[in-house]
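Note that the chains take the letters A, B, C and D in the order they are written out, and that residue 1 is the start of every chain.
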Amino acid sequence: MTVQKVGFVGLGAMGRGMAANLLRAGFQVQVWNRSPEPVRALTEQGATAAADLAEVFANEVVVSMLPDDATVDAVLHDPALLAAARASVHVNMATVSLELARRATALHAEHGVGYVAAPVLGRPMVAAAGELNILAAGPDALLDRVEPLFAAMGRRTWRLGTEPLQANTAKISTNFLLACAIESLAEACSLAEANGVRPTDLVEMLTGTVFPGPIYSGYGAMVAERRYDPAGFRLALGLKDVNLALAAGAETHVPLPFGSVLRDAFLDAVAHGDADRDWSAVAEATRRRAGLPA
Amino acid sequence: MTVQKVGFVGLGAMGRGMAANLLRAGFQVQVWNRSPEPVRALTEQGATAAADLAEVFANEVVVSMLPDDATVDAVLHDPALLAAARASVHVNMATVSLELARRATALHAEHGVGYVAAPVLGRPMVAAAGELNILAAGPDALLDRVEPLFAAMGRRTWRLGTEPLQANTAKISTNFLLACAIESLAEACSLAEANGVRPTDLVEMLTGTVFPGPIYSGYGAMVAERRYDPAGFRLALGLKDVNLALAAGAETHVPLPFGSVLRDAFLDAVAHGDADRDWSAVAEATRRRAGLPA
Amino acid sequence: MTVQKVGFVGLGAMGRGMAANLLRAGFQVQVWNRSPEPVRALTEQGATAAADLAEVFANEVVVSMLPDDATVDAVLHDPALLAAARASVHVNMATVSLELARRATALHAEHGVGYVAAPVLGRPMVAAAGELNILAAGPDALLDRVEPLFAAMGRRTWRLGTEPLQANTAKISTNFLLACAIESLAEACSLAEANGVRPTDLVEMLTGTVFPGPIYSGYGAMVAERRYDPAGFRLALGLKDVNLALAAGAETHVPLPFGSVLRDAFLDAVAHGDADRDWSAVAEATRRRAGLPA
Amino acid sequence: MTVQKVGFVGLGAMGRGMAANLLRAGFQVQVWNRSPEPVRALTEQGATAAADLAEVFANEVVVSMLPDDATVDAVLHDPALLAAARASVHVNMATVSLELARRATALHAEHGVGYVAAPVLGRPMVAAAGELNILAAGPDALLDRVEPLFAAMGRRTWRLGTEPLQANTAKISTNFLLACAIESLAEACSLAEANGVRPTDLVEMLTGTVFPGPIYSGYGAMVAERRYDPAGFRLALGLKDVNLALAAGAETHVPLPFGSVLRDAFLDAVAHGDADRDWSAVAEATRRRAGLPA
């Protein structure tokens, strides 16, 4: 029998678009959020509002889209929640640490609630358009069961394995690569500028030749033009993601020397007041080291 | 008046394809090479053989495609060569250091010979197909003059400025970014593998989402599958290129922390006998550090 | 009135010698330890055994010497302990994070119990000999009050300020410098060996010239002779200490690039099974990178 | 027969004191220097002035104390010099690269002139006092022969082997360790300051406990007090020495991650105008990264 009733927790910039797409696809969606405004917006689109988390977890499937470990922990904190849950599966779409992934997997298993990790690639506009890439891992039967939800929210589902942890690993690895690309571009642009090549010329050539695609062209332009506001992704969150990669490496004894450089550069950026700018502002740390004009 | 007679020095894996494309485009090409075999092949395609370098430098335009600083230095070593040259412009398409770029520019100016730097992006097969990306810099009038040659050899010319050095800077920056992408992929794949995600799954997802294009898919596959032979680009040359970037940074006091990590990783790879494998074999250094299966 | 009754928590390799020195100096010492054996040894030397932590915290002064954050947290976990404590001051001699230092300071203040941080420099033999260096911070009146205890346990007290955190910072900084000295020696010895200089010759010269003192001679010999067993200080604990420094840096946005290198090198060492050897075994990671004989 | 006549090349800040000590010990010293002033000062102390380098190399033993590779190369550049030399041994006391050491060794062998490398540890005042530490390597018979000269100039000779290269390796390794100690202190002082510990308190404690000796106390004070002028050793020379270590590592494929960090930090310092301050000014790079008050 196909899923019809979905509980949805976390109506932030990402979650509201995702929940709206579930509604559009015909699911009955019951939503819960810490602050009431987004709930109102969704109920106007046809969702019902849950009185509390317990009510959300009474739906067949619960999807949560929360910002970080701390928030996920806060939700799962109440021991009664999962114990009483009638939900057959909880789809956690947050970007979380492997440590949390492990704990959450064990906790759900203990209470007989299915657990799937499905972090996503894409910004709020992509979420609103239903064009997310969904990195999913968990037992195949559960993934099959929730695939219609994924289809409503994303352009494609990438299955990474039967352990939820695997999806979180892939997401952490992807964000690590994005940060690496930004730092690489930052160093290359500083090198170019110091030697008389306009960074915008360099980036135009790069994206027209070996590095096509939105990451190098988008971040390349931001770095080359030193345009970091408004933030597409806050630098403080970028540091958090670099730390997730380093923590995942530490647990399995994988040194990540690029990751270590990233951490130092992001700390430098935070020390210089750039925590709330776009994470490509880490390029300013590169410029400062080289004494390039501020 | 348009260029018709072209001298061509350096018929290595890249140069032979480039010279052949000049012939195909109707230029009269006189070639010179240290070893005779490639000369024979080109003369069969319609080129003439020069008796010595002096004869090559008697053509209107001389193109050289040599492997590195040392070889270029060896060619320009003879003080009589440029002094007697009737050529109006020398197009140096080698990947050289900024230090050599500066010296060569001054030397040509001293002898009244025009000088253009035009390093290329692309492997031998791309050169043979006339699909190179050509990074060119030098006085505009000279660049205009040799553009028909570039059109014969490449898919597009990227003009970086009026100082030859600028093209070399752009080339060095590009190779630096390629090396960064490889090391990033290497660290991400080790992180993934250690946490239970198949590197091939990770790379497939990455190249299907945020990192399209041949670099991430090509090197990603090589790293994920640990397939480094035969070498598309030798690791020893990769180390040379990383050192070019570091040297360019040192001259202008631009610290490149990713560059420093790359240098250490490439040294590690050379120490373990991988100098002649593809430069993506630097990924094995990452695996060794993490104690992943050899 | 001078302190006479001292509660002592934590009779590990360090604590048992410290408590014995308090006894020798004439203090009445009441001890508590998770495992009973060390308690027996101390009572034979004149100490009394406490029934529980509450009893220990009824003494005028409580000294704790615990291995790490987790253990200290476990002791302070019971909200009733400090609330009921009749002790006027708790001297925490553990090496802990600044985060714990801050929490512990606030917790003691809340319950009106004085709090002093006094981590030490020295191994168990030094502790047994009463020759520790004690890094102390806290309100001056409290430091004055417990100075007779410090005098019994150490050769000298170094006062770092009125905030307990300051002593922990100094301790973390010192351990960071020790790790840096080891890695420096490791890299220098690999460089020397690869270029035909015997590491033992290098170390003998160094310690006879610019680097006198036990750290360079002791760790220098261990690195040069590759003698890492038995561990004077376990490598896993060394990694913990490096992480304490990095965490302290992260909180205040101080990038520590040497610290980042250390973390990667220690992870490499752990990945190769050296967690239980002396932390100078991190030198083997340097050797591995260089392909020096295993 | 013992050495009596000594040629001495290079009367810089170090060489003049060393030559004076040879005179004091009773040797007949003939001096040569590029600029005439120091020659005059030495002849007043009993030296004779050589007309040219050839005359210096006619002495039994020639000692040279030159600042760097380039200057040594300039001296040895004339092919006639060694060919005509009647000297039985040339003692090169400069800090040079291993590459130069190798070339110089071969060149002297070719011309039948003995060659000894004997770089020193100590500043000009130490040289003037005859208290240098001399790191010597070369054939034993030659070292025995020149030991009386070393005894006149130094407090102790450290024999590193029979290949001149070995002494240069030891010197490069020592300078590398000095630079590591400075950077370590810089990072520790920034960490301390950011967390409320006065760097001067930290350094006093460190040098009174685990890090005795002039390096940690001297550089520790300079870093803690941010007192970098006048330069005891110029930062630009420090960068040169770091590069010597990295080059030595590169030749033998020994990655030196601390060396890479040092290079980046010294470049940062040079980019910020500190090339002529004491090399301990590299600490300012650490402060800048952390956003500590300028």
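What we mean here is this: a contact is a pair of C-beta atoms (placed from the backbone, for glycine too) under 8 Å apart; a residue touches a chain by one contact, two chains touch by 3 or more.
Everything numeric in this text was worked out from a predicted model, so none of it was measured.
J.: Would you pick out the chains that touch subunit B and also touch subunit C?
T.: Intersection of subunit B and subunit C contact lists gives A, D.
J.: Would you mind working out whether subunit A and subunit D touch using mostly the same residue numbers, over half shared, or mostly different ones?
T.: Interface between subunit A and subunit D is built from largely the same residues.
J.: Relative to subunit A, which chain's C-alpha centre is the most remote?
T.: D
J.: Measure off the straight-line distance from the CA centroid of subunit B to the CA centroid of subunit D, and report it in whole Å.
T.: 39
J.: Using mean CA coordinates as chain centres, what's the subunit A-subunit D distance in Å?
T.: So the centroids are 54 Å from each other.
J.: For subunit A and subunit B, what's the span in angstrom between their mean Cα positions?
T.: Each chain reduced to its C-alpha mean, subunit A and subunit B end up 38 Å apart.
J.: Can you pull out the residues of subunit A that are in contact with at least two other chains?
T.: Residues 249, 253-257, 261, 264-265, 267-268, 271, 289-291 of subunit A touch two or more partner chains.
J.: Considering only the defined contacts, which subunit A positions touch subunit C in the complex?
T.: For this pair, the touching residues of subunit A are 249-250, 253-257, 260-261, 263-265, 267-268, 270-271.
J.: Tell me, which parts of subunit C touch subunit B in their complex?
T.: 257, 264, 267-268, 271-273, 285, 288-291
J.: Okay, in this complex, where on subunit D does subunit C touch?
T.: 98, 121, 133, 135, 156, 158, 160-161, 163, 165-166, 169-170, 172-174, 176-178, 180-181, 183-185, 187-188, 190-192, 194-198, 201-202, 204-206, 208-215, 245, 248-249, 251-259, 261, 264-265, 286, 289-292
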